[in-house]
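Two complexes, one shared chain (chain A), two partners (chain B, chain C).
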Partner chain A sequence: MTMTVDLSGVSAGFAEPVPAAQRVFRGVLDALSRPGTLVRLDSTADFGAKGAIALTLLDYETPVWLGENPEPAFGNWLRFHCGCPLAATPAQASFVFLDAVDLPPLDQFHAGDAKYPDTAATLVITLPALTGGAPVTLAGPGIQTRQTIAPLGLAPDFWRQAADNRAQFQLGLDIILAAGDVIVGLPRSTRILTEG
Partner chain B sequence: MNAQQNRKPEAYNYAYLDEQTKRMIRRAILKAVAIPGYQVPFGSREMPVPYGWGTGGIQVTAAIIGPDDVYKCIDQGADDTTNAVSIRRFFARVADVATTERTQDATIIQTRHRIPEAPLTQGQIMVYQVPQPEPLRFLEPRETETRAMHAYEEYGLQYLSLYESVSAFGRIAGGAGYPVLVDERYLMSPSPIPKFDNPKLHQSEALHLFGAGREKRIYAVPPHTDVRSLDFEDYPFEVQSWDEVCGLCGCGTSYKDEVILDDEGNRMFVCSDSAYCGERRAAGHAGPLAGHALDSTPQEETLP
Partner chain C sequence: MNQSDPLVAGQNRPANALAAARQRAHALIAKSHPATVQACFARMGDLPQTSPLRPTEIGLIMVRGRVGGDGQRFNLGELPVARAAVRIDGGAVGVGYVAGRDHDHAEMAALADAMIQSDNWREQLEDVVLAPLAAELAIRKTTNARKAAATKVDFFTMVRTRAEK
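The block that comes next holds the complex of A and B.
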């Protein structure tokens, strides 16, 4: 099967890929090291935080899942700039980019296996805002005592699923919530203390 | 291309590694942070130094470092040993970073054997050069077995080893690479830091990244993570202590190196953290063998 991709609509990636990827990576590292802390990514790439994270971390080794009916503009842009394969099923993806409204049950994604928990997927979930929602309290590695976040736009049972995600540690998905160019890390090690 | 051209940094990508390698290492680092204490396999590359000279730490540093960082590198606590000087010059050259010997000024501190005496702060990243990442390796040589032991939290063998140490020596012997449990889940080797430094890992303000180049593993301890040194109720974990103070700066609480002075058995003890010791002397502290106070602070080195 041949597939033609219209490249005329593909916009630019990082203007300076090497320093930009380094700055964005440090932002993502900071976010996952200190879960629940809002981190602004230093990037002017298209598609906000998810675009910056994709340009920084994706390549031919990382199958990506963009949902059942992906937005073609982002998919073409990813394939052109990152050369990443698009996964056929959610379970085959090592990276997942979805809007919160399109998020299927989390157990559809690969949570690693007992001996190689690092093979689990990383989810980048785009939200309308990272503040203004129902508050949720987090604890665990990277958090001194407690950390409260209130992201807006997650499905009502998301936090129960996130608590289940933590309960199966060392298995688990590592989640990055994104709005605009700001992200908040929710690695599998984070404990959900109050469900929103 | 002649040798002179070959030495130009423009011949290499920023921070030496190519971008695909950096992405692979960066993905491994993120998984390591998400699973504290678990050893993530990664595709360790050939580096311009042999295995055993810090290739794991160099690759981790190369994947995270940027031109805004301030880089410090120590070997056995000292900034001025051959390995530390070479690696510091390497990153000054290939990554265009400022270097320092002051722990407080550094954003990235690469180390082999020590955690600096000065308290680490939020935002700092410690990068460890790890020779053997697997704490169980000397008890169980098969990777397939140790991987299963980690997967199912089967750490009885490690406790048995500590018990044998108690029965043979009357205490838990072993001074470096003392095993720890990270967030009450993964058994981890803190690399060959002395057990004196183990308590500094517990609830640290800094992020700790461990790179083992030959063994191809990366692991991490995020800030504010529980790190417990294994022990028994009746044989609690304890760190080294010295009766002597530092001969140069007079510090009684730091980790000391023993230095033989002559062939008649005379010896001195001196802080292993050279930057810490130098700062104390510059501030006027003097030990019994100091002679005279230093009148200059450590000089910033210049590239050849």
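The block that comes next holds the complex of A and C.
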């Protein structure tokens, strides 16, 4: 009936949940409305950007997928602070937190359906760095002309999958790339122009 | 209704003795008046340093009921609940849930829950806080039982009629 969470390793969340979550929400909103710009999240929460996003956006109605063998520290922390269920399969998750090296093919995640495209999953992908990788050019809503990013550590195939993700618009995944406490938004509306 | 009482040793006992001790402490503090608990903690003198794991907060829980053992479940009503989670020095984490909207009450419950898991504090907590609360609750229980017993009605006539038949 109930699963016990081992609290011994759980660290504190936001000290002041409302102002802190509002600042992080503003950051996520900026990142997703201006795709490709680096946004630093104003948060002191553990686990960097993914921790801040989790504390801000998750609750008991948002199943989360953390991979086949999730790191227990982050899973327990999420369960305690957000009260969110852990999804049994990638397709059931509305939020996904993964390191880039653990990322399965993107078509495993729920991209919404024709009646409810808003139910698509949001992916938060943790990278070693958001600069220094192969450059990729983005265009689309929220970008004046062109925007170039060069995140480090994504699989070579990722940008082709991201382009496929754009092709099924208005279905599609919303992706946030994170390194430390800096994020880059790649909403489903963004077009990938040159592949890495 | 055969409700098990966590204050009575041996009933509803989990496999783990520590879990049983924590359940008992939770029950004692949640059933005692906040001022009484506060007075007990005031007698402790030194208390461990605490840091909140999440801010103490108030919410509503839905209390569900059932008529008899096989009735349909229904929502009886909502109950305000305060909850707290604290870490004390030494690393033990305690959580507290109490009915009502008293932050301090929930924090004391969480503190006691953390202290009972710490070898340094367990005995002092038992002597100064839990034992007096248990004694007071036992008195309250017998007083209530006596008052209730005074209003008991014996339907002896019906019993006798049936017996003579």
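Throughout what follows, the second predicted complex is superposed on the first by the 192 of 196 C-alpha atoms of A that agree within 3 Å, B and C clash if a C-alpha of one lies under 4 Å from a C-alpha of the other, contacts with A are read in each partner's own complex, and residues count from 1 in each chain.
Following the convention adopted for this analysis, a contact is a pair of C-beta atoms (placed from the backbone, for glycine too) under 8 Å apart; a residue touches a chain by one contact, two chains touch by 3 or more.
Keep in mind that this is a model prediction, so the values were computed, not measured.
In the superposition on chain A, contact of A:K115 is made with chain B only, not with chain C. Residue contacts after overlaying the shared chain place A:R26 against chain B, while chain C stays out of touching range. In the superposed model, A:V101 makes contact with neither chain B nor chain C.
When both complexes are overlaid on chain A, the residue A:A15 reaches chain C alone and has no touch with chain B. Of the two partner chains placed by superposition, only chain B is touched by A:P187; chain C is not.
In the superposition on chain A, contact is made by A:T62 with chain B only, not with chain C. If you count the residues of chain A touched by chain B and by chain C, you find the higher number for B.
Within the superposed three-chain model, A:H81 lies in touch with chain C and out of touch with chain B [touch as defined at top].
In the superposed model, A:Q144 lies in contact with chain B only, and not with chain C. In the superposition on chain A, the residues of chain A touched by chain B in one structure and by chain C in the other are 17. The touching residues of chain A, counted against chain C in their complex, run 7-8, 10-13, 15-17, 80-81.
Within the complex formed with chain B, the residues of chain A that make contact are 17-19, 21-23, 25-26, 28-29, 32-34, 56-59, 61-62, 114-118, 120, 122, 140-144, 169-170, 172, 174, 187-189.
Note for the complex: chain C touches chain A at residues 51-55, 85, 87, 91-93, 95.
Within the complex formed with chain A, the residues of chain B that make contact are 13-15, 19-20, 22-24, 26-36, 38, 40-41, 63-67, 147-148, 150-152, 183, 185-186, 203, 207, 221-226.
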